[in-house]
Amino acid sequence: MFGQIFAALVSGIATGMPLFIVASGLTLIYGVMRVLNFAHGAFFMIGAFLFYNVLGGVTGSISLLIVGLLIAALSVGAIGAVSEVAVFRRLYARDHTTTLLASYALLLTLDGLVQQIWGVSPRSQTQLPAFAGSFQILGVRVATYDVVLIGVGAVLAIGLTLLLQRTSFGQTTRAVAHDQTMARALGLHARGVQLAVFALGAALAGLAGGLISPLLSIDPSLAPTFVVQSFAIVIVGGLGSMGGALIAALLIGLLDSFAVTFFPGFAGFSLYIAVTLVLLLRPQGIFGAAFASREA
Amino acid sequence: MKKLWIPITGVVLLTLSGCSAGSSTGSSADSTITIGMIAPTQGAYAEIGKNITDGFQVAIDEVNANGGVAGGKQLAMATKDEGSSPQTATQAARDFTSNGVNLLGGLFSSADCAGVDPVVEQSPAILVTASCASDTLTGGISGTSPFKRTFGVAVRDQANAQALAEVMAQKFPNVTNYDAFGFDYSWGHETWQTYRDGLTAADVAVQVNSEQFVPLSASDFHSQVAAISGGLTGPVASRGIFLATFGAGTSGFLKQAQAYDLPSQVALIANSGEYYNVARSLNGQAPDVWNSYDYNWAAFNTTMNTQFVTDYGKIANGAKPVGWTYQGYLIGLSYAAAINKAGSGDPEAVRTALEGVSFDAPSGSLTMGAASHQLSVPSVISHTVGDSTSSDGVKVIETQVVPYSGK
Amino acid sequence: MTTQLEQRGQNLATGKTTSAKARWRIPATLEVAAVWIVVGVIGPGLFTGSTLFLATTALIFVLFAMSTNVLLGWTGITSFGQAAFFGAGAYTVGLLAPIALPPLIQLFVGAAVGAILAMIFSLVANRVTGVEFAMLTLVFGESISLLLYRIPALGGESGLPGIPRGAIFGTSLFSDKTFWWYAIAITGVLAIVIRRLRGSTFGASLTAVRDNPLRASALGINVKLSRIVAFTVAGLLAGVAGALYAQLQGIASPDIMSWTVSGEVIIMCLIGGMHTYWGPAIGAVIFTVANWALSNSTSSPELYFGLGLLVIVLVLPEGLLGLVPMISKRMTRRQKVLS
C-alpha cells in the first residue's frame, strides 16, 4: 500500500510538471493581457515539430538538445510576436469571447499550415541516451526523463517568478497588467511589454513542445492535446499566478495519478471535478490575483 | 432592419445555390468506371486515409495495366473526405450518389460506417468498407450481413484478437499476469475481452493486474504507465501487457513505457490493431511487439504480394504497405473481380456479383461471403522489433498466418 | 462600437422602442415567417440530391446558432458547453428510437432534456461569471461527453446508430424532401418564437443584464434569474436542434458533443454577427456550406477556414451583417453628396 501511494505521488508530480511547463506561457499571457489563447496548443505542436526537424529525430548530445530547444523556443517566440502584432493587439479592447475565437481561428490556421509543411505522417523523437531509461527509489520505478522535466519545471517556476517580481522588466509588466493607461501615462512602453510578454509566452510553449516531444507521437493531432488541461491550470491557479499554476498543475497531476491507481473509473473525470470544485468554491483560483487587476 | 430579410434571403439562397451548381460534374465516360473512395484526408487520421486510397490506387493501376475490367474498361478513383464525424461521411456518400458515382469504397471509422451503411442501404449505391470491422456492422458472426448493399474487406476485430490469443497461448503459455491498456470505447474493451477469453479458452490461467482505458484523443499516458509499472507482480517471465490501441495511442504508450523501462520488465507486449505504421515511426527504437492485424508485408511469399509491395513502394518512396493500404488494395481487387463477373459497372449487377465472388490476392484466393458480405481475409500475427539498420526502421522477426475462421 | 451597443441596450431597457414595438411586432413575426416560407418553397427546387440534405443540415445549425445566441448576443454569456445540450437532444432521440414515438414527441422530450440539463447546470454554476463561467461550461460539456464512453447504453465511439425518421400525420419523413418540409416547419416556428422573445420585455431585460448587470439590478431585474432563464431557453432550443439532427442523420454520435462543436456554434454567431437577429442564421449557413465546400476542394481546409475567420474577427467585429449598416451609411452619405 505504501509502495503504491508513493508511486502514485511520484507519478503525479511527473505528470503535473510537463503540464505546468506547457501552461506557464499561457499563464503569463493571461496574467498580463487577459487572453486565453487556444493557439497555445499550436505553438506547442510547432515547437515539437521544429525540435524534431533540428535534431532529425535523433538526440545526439546534451548540447545538441539545448540547441534544438533554443531554436524551437526562439522560432515559436517569433511566431508568437507576429501573431501578437497581427491579431491579438487589435483585440485587447474587445470582449474575451472575441479574443478566444480569434485564438481559435489562429489555432485552425496554424494547424492547417503545419499539415501543409510537415504532412500527415506521425514522427517520433528519440530520447537522448543519458535521459533514457529509469531507476528505482524505495522500490518505486522512476523515469530518468521525468526527473529532468521536474527539474526544468522547477527552474522555470523560480526563474519566471524572479523575472516578474525582482527585475525592472517584471515591474513594468506588472504595472501594465495592473493598469495599461496608467502605465502609459507614467511613460512605460505598454505595447512593447505586451509584445515581449506574448513572445515569451509563446516561446515557453515552443520550449515545452521540444521538451515533451520525446514522450509523444509528433503529429498534427497534437495541437489540442494540452489545451483544455492548460486552460484549467490557468483558471484553477488564479489570474496569472505562476505559483498558482504550478500548484494547480501538480494538483491535477496527482489527482489523475491517484485516480488511475486507485479509482480507474474516475480517471478521465478527475481534472473536471477538480476544476469545478475550485471554481465554485474559490472562483478567483487558488492563488487569487497575482497581478491585481483593474477589472476581471 | 425592416427590409433586411430581402437581401438576407438572397444571400442564403445564393450561397446554397452556389453549391448545387458546382456539383453536377458527371463521371461516367463509357470507357471508365469510377469508384468513389471516402477516407480521412485531414486531421488526426489523414495518414490512415492516405494509406487506404493509395492501396486502392495500386490495385486499380495493376488492373488497368492488365487490360482493365469488363472488356477493356478502365477503373478510376474519385475521393472525398470522410471528415471526423458520421455527418461528413454520410454527406460524402450522398454527394457521390448525387453525382452518379454509385460504387463506393473506403471508410475508416466504425462510427462513420454506422452512419453511412443505412444511408447506402436506401440509395442506388453499394459500398465496400475498409476498416469498419465491428460485429454490429458485418455479418461475421451471425453469418448474415445486416446491410444488403454494404460489404467489408477487413478482418473482424474480434477475429484478430482471437487469433492473437491462440498464438500467444501457444508461444507464451507461462505469461499469465496481464496488464491491459486500451482505448476507452467498445472496440478497446471488446478487443481486450476477446483476447482474455481466448487465452482462458486455451487453458492459460489469466490474472488481470490492471486495466487502463484512455480516451481516443488522449496522448499523455504518464499516470497509466506509472500505475502499470508500479503494480507489476510475479516473475518477469509471467508478465504480459496487452494493448487495445492503434496509431498515436500505441506509439505514445510505447514511448512513455520505454521511459519507465517497461518493455524489459515484461515477457510479452501484445497488440491487436494496425501496428506496422507505429513501429515504423519510432525511428528504429520500437520494442519487441507481437501484433495481430490484417496484413504484414513479409507474411506472404506470393508473386502477387511481391508485386503489391513493389508497386506500392513506387508511389510511396519505397515504404512498405501496412494493413490499411492492404484494405484499400482489397477494395480495388473486390470491385475489379465483381465488375468482371457482372460484365458492367451497373451497381445492382456489381452488388449481385460481389456476393460470393472469388479472386486471387496476396494471401491466396479470397471469397466474399454471399450472405455475410465479409471477405475471407486471414489474420496475420507479426513479431517485430525496431531496427535502425533496416530501411523503415523495423525488423520483422516472424509472421504467422491464421486462416479466416468463417464463423 | 461599445457605445453604439450600449445605446441600443439602453433603448431597449428604457423602453424607448415601445412606441416602435407596437408598430413593429407583427411585421417582425411576418418577416421571419416570410423568409422561412420563401426558403422552404424554393429549397427543394433549388437543391437537388445531396445538396438538399446539406441544406437541411444547415437549417438545423441555424436553429442551434440562434439558440446559442440567446446567451452570447443577448445576455453576453460565453458558453463553451452548448454541444452538451445539442448532444443531449440527439442522444435522447437515439435512446427513444426503440419505442418508436412520433417525431414531434421526440422533439419535445429532447427539448425537455436539454432544458432540464441546462437549468441544473446554470443553477449550480451561477456563482461565477465571465471567463470562469465559460471554463465551467467547457468542463461540464467535456464531462458529459466523457459519460458517453462510460455508460454502455450510450454506445461509446459508435454512438447510437439506426435512428428511424418516423412518420408525422401519416406521412413518412423518410424522403429528404418531406424531411426538409418538416425541418422548415419546426425551425420556422421556433425562429418566430425566438424573434418574439427578442422583442419582449424578457429579451430587453437580458440585453440590460448584458450591458450593465449593476444597472439592470437597480432597475429591478433579477440578474441571476435572468441568466438562469436565458441558459435554460438556450438549452431547450439546442435540445430541439440536436433531436432534429439525430432524426436527420439517423445516428447520434459522440463527435457532436465535443467542445469543438461548442466552439463552432459560437463561430457561426460571430461570422454572421451576434448583435442582430439574422446574424447567427447567416453565420450557420455560411459555416456549414464553407466547411463542406472547403473539405472537398482543398487539402487543408483548416488553413483557409482559419484565415477567413481571422479576417472576419479582425475586420468585421459585428460579423458579416455588420457590413449592412456600414454600406447603407456610406450610400446615404454618397446620396447626400450627390444631392
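Just so it is clear, A, B and C label the chains in written order, and each chain counts residues from 1 on its own.
Keep this in mind: a residue touches a chain if its C-beta (ideal position, glycine included) is under 8 Å from a C-beta of that chain, and two chains touch if they have at least 3 such contacts.
Remember, predicted model here, so these are calculated numbers, not experimental data.
Student: Relative to chain C, which chain has the most distant C-alpha mean position?
Tutor: B
Student: Quick check: more C-beta contact pairs at A-C or at B-C?
Tutor: Counting C-beta pairs in contact, B-C comes out ahead.
Student: I'd like the Å distance between the centres of chain B and chain C, where a centre is the mean of that chain's Cα atoms.
Tutor: For chain B versus chain C, the centre distance works out to 37 Å.
Student: Centroid of chain A to centroid of chain C, CA atoms only: how many Å?
Tutor: The answer is 33 Å.
Student: Multi-chain contacts in chain B: which residues touch at least two other chains?
Tutor: Answer for chain B, listing residues that touch two or more other chains: 42, 184, 215.
Student: Which residues of chain C are in contact with two or more other chains?
Tutor: Only 146, 150, 299-302 qualify.
Student: Would you give the residues of chain A that are in contact with at least 2 other chains, written as numbers and ranges?
Tutor: In chain A, residues 115, 224, 268 touch at least two other chains, as defined above.
Student: Sort out for me which residues of chain B touch chain A in the complex.
Tutor: For this pair, the touching residues of chain B are 42-44, 46-47, 50, 184, 210-215, 217-220, 222-224, 226-227, 229-231, 247-248, 251-252, 255-256, 258-261, 277-278, 281-283, 285.
Student: Within the complex, which stretch of chain A touches chain B?
Tutor: 3-4, 7-8, 10-12, 14-15, 18, 57-58, 115, 120-124, 126-127, 132-134, 140-141, 143-146, 214-217, 219-222, 224-226, 253, 256-257, 259-261, 264, 267-268
Student: If we count contacts the way the header does, which residues on chain C are in touch with chain A in the complex?
Tutor: Against chain A, the touching part of chain C is residues 72, 76, 78, 124-125, 127-128, 130-132, 134-136, 138-140, 142-143, 146, 150, 259-260, 263, 266-267, 270, 299-307, 309-310, 313-314, 317.
Student: Mind pulling up the chain A residues that touch chain C in the complex?
Tutor: Residues 34, 36, 87, 90-91, 94-98, 100-102, 104-113, 115-116, 224, 228, 231-232, 235, 265, 268-269, 271-272, 275-276, 279-280, 283, 296.
Student: So in the complex, the part of chain C that touches chain B is made up of which residues?
Tutor: Where chain C meets chain B, its residues are 24, 27, 31-32, 34-35, 38-39, 42, 46-51, 53-55, 57-58, 146, 149-150, 155-159, 161-162, 174, 249-251, 253-256, 276, 278, 281-282, 285-286, 289, 292-293, 295-296, 299-302, 324.
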